[in-house]
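Please find the structures below.
After this come two complexes, each holding chain A, first together with chain B and then together with chain C.
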Partner chain A sequence: MWASASFVGVLIIIGVPLWWKTTEVYRVALPYDKINAFDPMSHFISSELTVLANDDKTAQDIAKQIEKAFEQSDVIKLKIKKQVLSKELQHILDSVADEQEALEEVAATFNTNIHNTFYVVQRKPLFKDVWVGTERVAFFRDVKAAPTLVEALVHWIYEPSVLNGARSETADPARQIRFPSGPGFHVVLSVVHPKPQLMKVDFNARDAVEDYIGSFVDEISDLHNFTLKSQWLHLLEFNFEAKEVTDSPGDRHFAVRQDRLPLLLTRLEERAATHVSERPTLNLALYVVPCDTAPLVLYDADNKRVSSPVQAFMSPKWGGVVLGNPTQQECQEKLYKPNVNLIMGTFLSQLRKLLGITDKRAVGGARLEALRRAAPRRWERDALLRLRALEQLASAQASLASLAELLGEISNIVINDEVGASINLAVDSIQRAGQLLERGDLLEAHKYAQQGFLAAETAFMEPSLLALLYFPDDQKYAIYIPLFLPIMFPVVLSLKNLILWFRGKPVHKEKID
Partner chain B sequence: MFKSGIFNIFLTLLIQIKGDDFKEEIFIKPLPPSHLYVDFHFITLVNGEESFEHSYLAPRSLGEIMSRYQVDELHLTLTEGQWKHNQWGYPVLDAAPGAELYAWFNTDVIDVDIQWKKLSSTLSGLFCASLNFIETFNTITPKMSLWPTGAQKPKQNYTSQLRYASLPREIVCTENLTPWKKLLPCESTHGFSSLLNSRMIHNTNYHSIGVHVRRMCVDNNCLETNLEIKQTVALVYDFKIINSMDWSFRKLFGQGLPGACPLSSSSKIYVDTTSNSTYRFKLTPEPNLILLSQRGGSETELAVYNINNSIMMNIVAKYETKSKLFVNIPPPLSFTRYVLGYGKEFGGIVTELTNNYWAPIDVVLLENAPWWLPIQLSSLRVNGEAESKLILSQYYSPGRSRQKPYHLELLLHLPPKSTTTLTIDFEFVFLKWQEYPPDANHGFYIGSALISANLPTAKNYTSLPITGNTFDSIVNASKPWYPMVFRTNGAMVSLPTPDFSMPYNVICLACTVVALAFGPLNNICTKELVLKAPGTSISLRQKILNMFKKKKD
Partner chain C sequence: MIQLNIFSFSLIFSLLFTISITNAIEIPEKFQKSNHTNNWAVLVDTSRFWFNYRHVANVLSIYRSVKRLGIPDSQIILMISDDMACNPRNPRPATIFNNAHEQINVYGDDVEVDYRGYEVSVENFVRLLTGRVPPDTPRSKRLLTDEGSNILIYLTGHGGDGFLKFQDSEEITSQELADALEQMWQKRRYNEIFFIIDTCQASSMYEKFYSPNILATASSLVGEDSLSHHVDSAIGVYIIDRYTYYVLEFLENVHPNSKKTMSEFLAVCPKSACLSTVGVRRDLFKRDPSKVPITDFFGSVRPVIITTDPIDIQEIPKRRKSQSINKTKVPEKREYLPQFPMHLVQTNNY
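For the complex of A and B:
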């Protein structure tokens, strides 16, 4: 019996745990409870709004209406302050002719440079009910302007629906267009010149990129790093299958159907060399239309001519293309001078959308001051920070959650110390960013959200996770079965006798001759 | 008036900013009696120091790689076939069979090895070549044989910033040519590059595509530098393959030349007609210019075609005498390499260097053996002697298993009209079963040895002078020395290769043996014989068992 017991001792008590330990997949302990408790929809952002009115009652009324409008929103919580304008400032605001001057006056008394703040200021001599400019200030005329003001705040300044889209799993229209969050982007302007032998193009791509795009991206350097690049792609010909349309004798244009345009992107992608850069690339392409098909005009899906001074189109999450149409005179002179202002302006408007600044829809009774410079409006930057912070937070949580789920499903994924550290960092950053958002500290919150997002991405994309993934079970059993089956069989069967023996019962019931 | 003056100045400034320059050239040299050498050069000169972000004619992808990894000079060649120096003379740029990559990193780069790994992986993606197999165990830092060809800052240690690797097993084909063509401003639609039809150019004895990037001085003062990106294609056609000695563009490339690239500032074709005196051939159409070049005691006659239109043309050479005895006059320096030994234990590499010239030639020989082929310095013999006066200087860095290759460099003094034989022994190493490449029984390639020589004569020498970037720079370019880096032929050894299903068989067999042995052992140890009294009743089970036992008896 002792022999039998020692076999069991060696094989089962020592052998099995040893085998278990040595074939175990290495995994660092992970904060599963925290990851499972993640709920992207629970995050909200606090924001400060100050109502400045000429008298106490107006301030009260306006504040109440705004409060009522944002009561339902769980993504943005407004902290509304009320204040009565000093008589002096009131007088100045009512007397200055220009809104821009009025802005300066407000900025002299109140600090409009702080992120995540907004001022709603009463100013009697307004042509419309509400006026919104580039600063963090909106003017309104009187109490009657309250509904318009609320609408402007909802659709322009805070955009709770877009924020909601950023944190939810289903993509809203704005998210379908803009690039996913990332630490940085390359912006590449490609000047496509299909027939350099027939025409010269006088366009300085370097200056255009650095002047126009540069001054735009400098303003949002808090969000992403940008590198600006330009290149010329010569002899890249593309058949638009354009149809010649004669408008009047001697005046013609070439019509391009919308469904041809994706094919142009494929051609561009072949040569644009976007794959060598380590970061995502925002492509801006100026296609110089050869003279024999100029001017090219885009037709939309309903076969209607797109009427705009610049023929351009945008591909979501890829970039934008502007068609440079040389005039007949330029074709004769064989020198095309593109209108840099117009073209770069078009690229900028595409870039704004690609980076997440939404197009502002018209609100009746409210006036949105047109952009005069390349830089985005200040409150747009705040909106972008809110959006990106929330988006990165949600994305980091989603990747951690799916990683945790994968780990539950697939048992041989290795989690080494490095991956474990970045998962822990991601979890901590997400929590910290969430708290900061609730407090309304936008810049810090974005920083932590980005850190968490990057850590979660690196953990999820780490190739070491897959180190043991290709170790199929059938091969494992091909080795285990011939080895373990014949050995374990007698050992396991002898267990019965052993147990009887331990209980002190007679063992030898059956006798063998 | 004033305004237009300002505009003119502005315009010239503009042109200077995008002052990239692109040139294309073809050099054709008949290699009698049976071959034809065709060498394409595409040269892009990029103005200024930092125009990587904004490119006009230069490929942005390459510029991006150069600036991201801070590479000062880069040479990449992908070659199929072996250049026969003894028969064909010297090529413009020699290349090792397979893939060869070497680069000098900027002196600001501290960890060169990491940058080197990243560079090779990125180039691997760019050219669809297996350059990602370049690791520390097949990379060396040559001390004497390679020197930067571009402008360099004085008094800086460039040698430590150099990395060299070759992959002799790499097979070069269309998938490498297509991305290579994309780097050209005219791609393959216009100009000389439209001749590079992969169906025709891979049907040659030797083809090599290359990318060479270096910094060049703008003028003699060298205060400013230009970046030169040179893309080359070298082809050696066999007259047997094209079925006649007469060649034409249509026969070589399958089509005529559709004209120059509209972006190039000069498109020229040079035909070396020196051999015309022995093997007479007639070129049609007539060349635009005949250049006579006297260089280092040898005369070269070049027929030059200036291509500047976009009319389809076809250059034809017709030989007058069809068959003739040919006496091969070997070039000043020739070499061969082969493997010695039998069995699977020891072997040796022999390198024979022949100096056919009447003056001594000093060469640097670089032997680069992978870690699985340990070469012992103690077994080095020069003409059979262990101690030789011919070795002026030597550098040896022993390899380390799976980490570092063996690297031997010798500065040799080759006496006039003599052959020097170098022998070095190696032993075969057993690899781990995962380290064998697919089709391990095919054999293992040993990379070419590098021979760096300063030739005293320009006989058979076709390379450009170091300061030149186009072909016309060879005209009358006499220099005291003609530097050249040669690659010897590679070699192949067959390592002891196991039967790869063996590990599994061993596991299965061992398990079976263990299982068979364990059963009786367990039985003997645990069962005991107990005497049974005759009268005791027998259980039903025992009855059945007894029945079986009786039957057996």
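For the complex of A and C:
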């Protein structure tokens, strides 16, 4: 009896808990309650708006109308301040000739360099109701301009619909164009020269990338890191299947259908070697059209000729292509000198959209001063910070929530200490970023949102999550049953006898002679 | 009483009828349109050794078809676990054929194999799908899909009930595969998946799937073998599987703008031709396969936006921070000396 009791003791009392403990899936305690409480729609951004008008009543009226327009928006909360312009500033603003000077005057009195602020300033001698330039200032004429002003604020400056799209689950049109958030991008400008033996191209790609693209990306270095590169691709020919169209005797162009263009991208990808960087690549390509098919002209989906100073197209989340058409004279001289300003301006226009600066639609009665420099407008940078902060917050929360759900669904995923640490870091950063957004501290909020986003991504994508503890339950029994059943049988069967023995009853009936 | 019954029946019928009509109206044509923005393909051959030549031919034929229909190499992950083209038994080195007529060399130019040889393992396959690759993996070996990606997954090799063998040494179970797909879904790594598997007892691989938006088809049901098509006597082994053979025959007639639907694809190999029953699982897939164009999975969408608003830059920008540019040193130009150093010899003309 002692023997069978010791078997039971070893196997059941020591063995089973030991087996349980050693085959347990290692998991760090995670803040499930915090993760489950996440709600991407709960975040909102505070922003400061100052109304400067000539008299108190105008300021009141304008402020009231703006307030009313942004009342229902749950993604952006405006803190509106009202102020009456001093007499002398009023006088100066009314007397200076153009808006640029007026801007400087405003900037001399008010600090327009602070992130996440915006000034709405009255200026009587305006041609249109509202004027918006590159600084964080909008001019308006009088009280009657209020509806236009509100519309400009909604569609240009704050864009609540785009912000809503950034935090929602399904991708809105803006999100389908821009690259997803990331710590950095690799920008490559490829000059494609299909027939180098026939023509020389005079274009300094390295300097162009450095000066134009470089000064653009320096302005948004708070958001992403960039690496810039340029390269030449020779002898890469592509058949556009262009149709020759004669406009007038001696004047012709070659028509390219739009559905032919995606194939050019595939052809470019073969040679562009964009996988050399570990970062997502933004492809920019200048395709030098050979003289026998120049000038190439794009026709849109409705088969209408595109009227534009430059023949160019872009592909969402991929990059942009500009077709460089040499003139007849250049073809004769066998030397093509591209218009660097125009080409780089086109690339910049594409780059802006790919990185998340939206197209500004026309607002009746309001004038948006055309951009004439490489750097983005100041308020566009603010909008980009808001957008990316919200997007990264929403993405980080979604990653953590689905990781938590997966851990419930699939029981044998290991969560080691490092993954646990990055999950905790992500949760803390998300909370901090959310608070900062509500306070309106945009730069800091974006920093924390990015930190949270990256931590959540590493937690989800951590290679150790697949450490080979991946073993479906049904296969476990295939191993355990032949291993343990033969041993467990006699042990379990002897239990009955043991119990009887413990109760002091005689185990074996005494033989009765 | 009977009249009442008839009346109530007719009422119910009319009610049902109106419901079905309103349903039909509520689902517009657009509902059947996919909202994917890019296409990816994962093509895997899992078996080694010369007698499995046909599996390599299978996967390379599918590779050739999806490439012809427009998916670029950067969005195709090709895993081939043995190198038949360079096998010493191959009578025509550097070629792989999928037909005894040897018309098309499927190992022709531009085949970009992403994982080859012993890199084709269960671990690498699951890592690829879930995105949990080691951090130093190059981008060409990653499945960089997003919420708008339609993915075509094609697997071929030797399978059994509930598993697919990799490399004669390990196997992936249907549960593991289902969990991997669920993790992809949770991370929003796909919009829709079309899963094709050509192995024995192939349908057992998709039975455990539980993530939405997956359409799956298999060359054989549980308990059935999937058979090969024909032998090339010059090569000496079977060179293609029946199911893939008929799939290819079908795909050869598909063009990037053809109007063939997925339901035609699913019916591609009847039992009389395949000798095994083709299995289909469509309960996870939200759309009606008869209204889904085949190019949603085999072709590639690449939206293009024409740019008409270049920025008119007034002053040429100069980058403020002069960062160190690593200029590659241009070597000085050198010339060949003339073959006969005549310039060294004073020639005197008498």
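Keep this in mind: the second predicted complex is superposed on the first by the 474 of 513 C-alpha atoms of A that agree within 3 Å, B and C clash if a C-alpha of one lies under 4 Å from a C-alpha of the other, contacts with A are read in each partner's own complex, and residues count from 1 in each chain.
Just so we're on the same page, a contact is a pair of C-beta atoms (placed from the backbone, for glycine too) under 8 Å apart; a residue touches a chain by one contact, two chains touch by 3 or more.
Since we're looking at a predicted model, the values are computed, not measured.
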Figure out whether A:Val491 sits in contact with chain B (first) or chain C (second), or with both, or with neither. first
Have a look at where A:His275 lands relative to chain B and chain C in the superposition and call it first, second, both or neither. both
Looking at the overlay, what does A:Ser411 touch: chain B (first), chain C (second), both, or neither? neither
After superposition on the shared chain, which partner residues are touched by A:Phe7: those of chain B (first), chain C (second), both, or neither? first
Go through the superposed model and pick first if A:Ile177 touches only chain B, second if only chain C, both, or neither. second
Touching A:Arg206, do we find chain B (first), chain C (second), both, or neither? both
So in the superposed three-chain picture, is A:Thr327 touching just chain B, just chain C, both, or none of them (first/second/both/neither)? neither
Comparison of chain B and chain C by chain A residues contacted: C
Dual-contact residues of chain A (chain B, chain C) 206, 270, 275, 277-278
Please give the residue numbers of chain A that touch chain C in the complex, ascending. 170-171, 176-177, 180, 206, 210-212, 214-215, 218, 258, 261-263, 265-266, 269-270, 274-275, 277-278, 298, 300, 306-310, 312-318, 320, 340-342, 344-346, 348-350, 359, 370-375, 398-399, 402-403, 405-406, 409-410, 460-463, 465-466, 468, 470, 472, 474-475
Touching residues on chain C, where the partner in the complex is chain A: 37-38, 70, 72-74, 110, 123, 126-127, 130-135, 138-140, 146-148, 173, 175-176, 179, 182-183, 186-188, 300, 302-321, 325
Contact footprint of chain B on chain A as seen in their complex: 1, 3-4, 7, 188, 196-197, 202, 204-206, 209, 227-232, 234-237, 270-271, 273, 275-278, 478-479, 482-483, 485-487, 490-491, 494, 508, 510-513
Spell out the part of chain B that touches chain A in their complex, as residue ranges. 11, 14, 17-18, 53-57, 59-61, 64-65, 68, 122, 125-126, 182, 185-187, 189-190, 262-263, 310, 507-508, 511-512, 514-516, 518-519, 522-523, 525-527, 529-530, 532, 536, 539, 541-542
